[in-house]
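What follows is chain A paired twice: with chain B in the first complex and chain C in the second.
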Partner chain A sequence: MSTSDTAAPEARVPAWRRLAKDPQAVAAFAVLFVIFTLGLLAPLVTGHGPNESDLSAVNAPVGSPGHPLGADESGRDILARLLHSARTAAVSALIGTGVALAIGVTAGLVGGYFGRRVRFATEWLFNLVMTFPGVLLLIVLMPLTGGDYRATMLIFGVLLAPGLYRIVRNLVLGVKHELYVDAARVAGLGDARILRRHVLSVVRGPVIIAAAFMLGSSIAVQSGLAFLGVGSLEIPSFGAMISSGFRNLYIAPAQFLWPSLALGLTTASFVLLGNALRDALEGTGPKPLKIGSGQRVAVAPEDGDGEGALLEVRGLAIAYPAPNGSLKTVVEDVSLTVEKGQVLGLVGESGSGKTQTAFATLGVLPAEAVVTGGSIRFEGRELVGLDDHALSRLRGKEIAYIPQEPMSNLDPSYRVGAQLVEGVRAALPVSAREARQRVLALLERVGIADPKRCFDSYPHQISGGMAQRVLIAGAVASRPKLLIADEPTTALDVTVQAEILDLLRDLQSELGMAVLLVTHNFGVVADLCDRIAVMREGAIVESGDVRDVFREPRHPYTRMLLDSILDGSAVREDRPAAERSLT
Partner chain B sequence: MSLLEVADLRVAFPGRGFRAAPVEVLHGVSLDVAEGETLGLVGESGSGKTTIGRAVLGLVAPASGSIRFDGRETTGLTRRARRGLAKDVQVVFQDPYTSLNPSLAVGDILSEPLIVQGAKTTEARSRVRSLLDQVGLPAGAAERLPREFSGGQRQRIAIARALATDPRLIVCDEPVSALDLSTQALVLDLLVDIQERTGVAYLFVSHDLAVIRRISHRVTVLYRGDLVETGPAAEVTSSPRHAYTRRLLLASPVADPEEQARRREARRRLTESSLEERVI
Partner chain C sequence: MISYIAKRLGTGIVLALLVVFITFLLIGTMVEDVARTILGQSATPETTAALMAAKGWDRPVPVQYWDWLVAAVQGDFGQSVYTSLPVGPAVADRLAVTLSIIVPALLLTVVISVCLGVWSASRGGAADRIAQGLSLTGYVVPGLLLAIGLVVLLAVQLKWLPATGYTPLADDPVGWLRSITIPVVVLTIGGVANLTAQVRGRMIDELRKDYVRTLRTRGVSSTAIIVKHALRNAGSPALTVLSLEFIQMLGGALIIENVFALPGYGSYAFNAALQGDIPVILGITAFGVALVTVVNLATDLANGWLNPKARVQ
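Showing the complex of A and B:
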């Protein structure tokens, strides 16, 4: 495949068109098309019937007159049998997959969408079906099906259904609580309509993919049974042909080759088609980059003079690779300074690059990000270009971090205390016992009422506010010189936010640490910060002392932001319509 | 008579685990919304504010109590009976990213409520155009998918959908919480503007007192499933009677360093004084 795609496909390229560009899909589809078309046209392609035996042609070799691929042990034309076997395969695949689709998708939609009771019932039923040993059951039921492969495939379809049921049920459970389904309910749509309009569209892709694989496995199972000699011997099928070829392997090896080749090609094509469908419908996702090798840097910063502020960012530029191969700059020429013990608020709206700047300082930008220029100096030491090993000695010790979502930054399967102890021991050379003592003291310091109980709790057992206190405790454990807080109170209730801000302020003055606070909330900045830097579209538009900027914003953007704050002055004064019409 | 009357509403959710007792999240809440009025519901997480909205919309079933719309009881209605109500009661959700089906074009999303109400395709199409115009989006937006729009624009689409059937009440569940500051103000202005033009009433749920203050005529404060106080917006949001509301008010930081320092002090005093006699 070509790697240098011209102009990235924007937004809407229909799935089938993406599929048509995928050589794997095209090849697989072509093979299947040829095999099944020939099967359909069998009477036109060959003059022989599949079971028509000609004693003079027993084990005729390839290229015999009238038998281009030879004939088998009973003198039946191999080409004719192959083509008719393709028909059998097509019918098997359609019956098996059709039944599985009809049962699995319907039950999945019903079981996922409706209440618990319906779900338990369908769940139980399909779990039961899944416990049946598939192929064995098909053989045992032969007397019932009378050896008709179509009846067998019908049963096989039922056995395949649980797989689809599970896929569909899980997807439906996921989509059922989406707000747009709620909105449809509020709009008065009936269940059938919601399922058709909103749920089926989500289910469609994965079901198509699963169906492609099921087509292949239906054919394989039918052939397998025929190979074992189960079922009617009258029906031409790849399996029966392989079986017969097997018996004559030493007399006429080619007899074995043709049906094996046809069966292999068919099932392999279905698998490849399924894979291609998956890529087209669900996307392959970006290639993961190797992590741990440190930040990708385009231009190494020049050596500057040593001492300066605690943190000094100069001309920082960060870019991400765009789909068309070029680099898209998200942060450009950002410079900021944080002095010892100072609190800097980095403010901006979503997409302004404030978090990218903070992450660059921590050296934790996503692997595909590239620092295209500038320098970040911490205590005079250049951070840009350091490898992960060197950076990790700084992180957690000299530079600490508190995230926006406290819960997702705690591992749910370990106790809170154990996670903190691990962090403390990574940063400081202390024994496990000493670390535990420190952690307990810290938990008490950050205002947790029962530190011991919190220490022994799992993350899901504590509240969001408490989780943030825990992370703050972990962050300040090593008495860092710089704390980077990324929207530390955004996910919290206002009363909890006020408490966390109090805690941060107290700790900051107690430890004399500098704080780089990333936030969109001017109230939080007013509460905590000494200085402020306002970002917009990847650049800093204004920075200065908090009081000055709030009193007299110089940049129109800052002014606009401050004006759009809904503070005390903005109270609604007009009266409701009903009252007005009375007076 | 009020447009919406909620009386002694109790809602319980099934407990976690086998045979667990249900957990009551609303302990008897009563409120009313007049025609063309905005009632702000403010509270923190777990206060039950969103649950009230969902109960009014019929998305959760109350354990007891009544919800009357235009004098008619709406609890315990069948789906079919509820459909009649769908024309009058609509919703705008918090998250504009998940409240619009990503695979439907905006025009289809907007015409959905219309078609349920029996509109013809051509009627629906022209109505969609006027709806887009009402919320300040270009007519070409109808052909595009939700992902082609920004958060604020998506919320406009959600508002347009709510307006489609000319409802008399829209439940707004944190409609601006996911938006940037500058977008927030614009969307709130749009909501006020629509209310002035159409006389629709809002039940406006938010955790943000400043937002509530800007849009509400009256405000109801909730705390852990109980109603704390109700009153005119200016009163409740500037001189609250209840200690919890006062705490809530002082807790939200203001964008003014000096004023914020004063607030902080006031809040500290309030917390200290209430440490002995834990209110609510």
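Showing the complex of A and C:
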């Protein structure tokens, strides 16, 4: 793609420092720190034990002497119970998460790194664990744990492990075949060392994030069970306190308030901390796109008469917002003209802005992009500033598009034929039957041997070359006046490339379409184009008749490109099949 | 397609048999305690051994398992140690209560999450912030507190709905609806928090894919692209999350049932486990695993329908 330098330099700030600047993370961390420190210092903060009942203080209100938060139905000091409950919560969280980490991460590393058989075995085992509703299992196993909440949290940790296992396994599978891991293996490093040095570093971030959430859910589950009365009544816990407060709700609502607040604050802080960690370690994630609202434009459309070339782009400028809020220009001052039935080659290295120019013409720039200047006229009509609805009436009918990568441009869930029929019916007022006939005829025209079968195939059942023919059929289905082809052969095998170029040439002359051909291959230009425009760093540096430019390139950049390519094999590779077969 | 179903069903059955067997193994280690609990005051080593022999708990675990399995296939899950009532119908009754809160909650979760997720992923801006805020709120508030809070507000303060209890649908449809409303709302809020984030994330990924752009260049309308194409492709991962959600609700219903005093599957399991009612524990495990197996199978089938690549494997 053409937006090459999107990596922001500010991403080099260490994660913990970004975290320290995030108010949400700081607040969540502070809340947790206060709650757990007070829990740890409980004997120093309050003189009462958690189970010490004082019959004279039954249901003592908030602010009673000796009981700052009051006392409960058995005369136990609420503050003392609250602080000791925080201890219980901390122990629960550590046991649950610790067990999950130990099992999940180890199994994930092993299952992802070693062969298929190990992976299937671990997979199967964890699927087994996931088959059973977790909390129910904890209940069923109650007689086994003997009421000790620590044993229960141990089992809960096992139940949490599959989630972690999946995360780690997928990450490990992802890096396993990275070159640096191969290199380490070739260099003779042992498996344990590679896992520790190279693989664990990739896994670390997502595991820390997952752990934050697991700490919270361990506490929530322990409280839930204690609320039900599972386990020893001697153990102070938020859940047990909520349960007692709930029973006493009408007499002393405050008894219910304190533990609820403590539990709510604790679990909420872990969730918020987890979210903040995710933002700091993985970035904020992709933002939604505004679909159907048209391209963002920051320029007043020019007025003008309706005469001129088929496509006339003048002074087009496109920018993207940079992380610091300013706009970064990727295309500036692009001007080009395509006459009816003419083929224009738009050439330049990757990142020069060719694709962005093509997308702008079609009105399908990514939502972040802003057209900051210039005009795009199609048959004299200004396209810049048109809304998506107006543009969508041109698209498919008057202007069509062939993408670079055939496979990713077909919806994997629909049969090839259904997708093409949908496009035809969106562009032309035809019945479903007519559209189907038309698509079948087109598939045959683009050189597919068994159109009926291709029509009924899913994208994953056809080859890349065939998929590109399908996309070409989809583009020319409505006999567009202008075809925009974005590197239509780059992703294909060399043998298929020439056939596709032949097909494009034939269709072009047959339908009398104009073509805007985006490519970095001068061979393709020599083969197909009437005119050429050379792009570099977002601007057109030279344009003219293909033969003139080839014979006498004026701009040093064009000369450099020609020099570097003409003595290579690119031109010969892309000769038509008939000529190629001679070599 | 039929072989696909058969294969999935086969795997499910093997898994279910295994889970029940593991439950047998775990319970096998505690039968003596259970026997002593049942006997209470009169527990001596002799009476305990006699009870275990009478119940057949002194036999090797595989033998017990086989006998149980043979009877279970014929629909006989044994009798409760305490009430002597047959386990099968009792579990089925309790499960019906639990499903009558889980199924509406899941349906609501799907409808709300898909709408919110799609809306926030395709509109961005304020819509996205609202949806994300709602999802986060649902995450942050523990279900237990939410349940109690709603009871206090809607039942105790405003007296709009009954605080506790269950009215069977057959007895009084309106009463039934009133008795399940708060539990369903609580489960739905938790479910929506989870699923909305999933749908949103998947939709954002899908809408950035190349095929979406290509469909746009053919003049296909935004609505068709979002609903027909992107949502369908986002659907299959979201469906997997939904099936996990179901399993989670089945367990989570326990706490809800307790707060609302619903005679459901979870509270039945809870009491059986407290008392060490072994036949009931086994019956509950078997029904639970069978249900989860069916749900997983349904998820796989729906995934196959949504995603042609999954179908051929």
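Keep in mind that, in the parts below, the second predicted complex is superposed on the first by the 540 of 583 C-alpha atoms of A that agree within 3 Å, B and C clash if a C-alpha of one lies under 4 Å from a C-alpha of the other, contacts with A are read in each partner's own complex, and residues count from 1 in each chain.
By definition in this document, a contact is a pair of C-beta atoms (placed from the backbone, for glycine too) under 8 Å apart; a residue touches a chain by one contact, two chains touch by 3 or more.
Just so it is clear, the structure is predicted and the values come from calculations on it, not from any experiment.
Look at A:Asp527: by the touch rule set out above, it reaches chain B but stays clear of chain C. Touch criterion met: A:Asp411 reaches chain C, while chain B stays clear of it.
In the superposition on chain A, A:Asp450 contacts neither chain B nor chain C.
In the superposed pair of complexes, A:Ala426 makes contact with chain C only, with no contact to chain B.
In the overlay built on the shared chain, the residue A:Val364 is in contact with chain C alone; chain B does not reach it. Looking at the shared chain after the overlay, A:Glu282 reaches neither chain B nor chain C. When the two complexes are overlaid, the chain among chain B and chain C that reaches more residues of chain A is C. When the shared chain is aligned, chain B comes close enough to touch A:Leu562, but chain C does not.
The touching residues of chain B, counted against chain A in their complex, run 34-38, 44-45, 57-59, 79, 82-83, 85-87, 89-91, 93-95, 98-101, 103-104, 109, 112-113, 116-117, 145, 147-148, 151, 158, 161, 165, 180-182, 184-185, 188, 192, 195-196, 199, 201, 207-211, 213-217, 233-234, 237-238, 247-248, 250-260, 264, 267. Within the complex, the chain A residues that touch chain B are 11-12, 178-180, 182-191, 193, 197-198, 201-202, 349-350, 464, 493-498, 501-502, 520-527, 546-547, 550, 560-562, 564-568, 570-579. Touching chain C in their complex are the following residues of chain A: 127-128, 130-137, 139-144, 220, 223-224, 227-228, 230, 239, 242, 246, 249, 256, 260, 263-264, 267-268, 271-272, 275, 285-292, 359, 362, 364, 366-367, 388, 392-397, 399-401, 403, 405, 408-414, 419, 422-423, 426-427, 458, 460, 471, 474-475, 477. Listed in rising order, the residues of chain C touching chain A in the complex are 15-16, 18-19, 23, 26, 29-30, 33-34, 120-125, 128, 136, 139-145, 148, 152, 156, 200-201, 203-205, 207-211, 213-226, 228-229, 232-233, 244, 247-248, 250-252, 254-255, 258, 266, 269-270, 273-274, 276, 281, 284-285, 288-289, 292-293, 296, 306-309.
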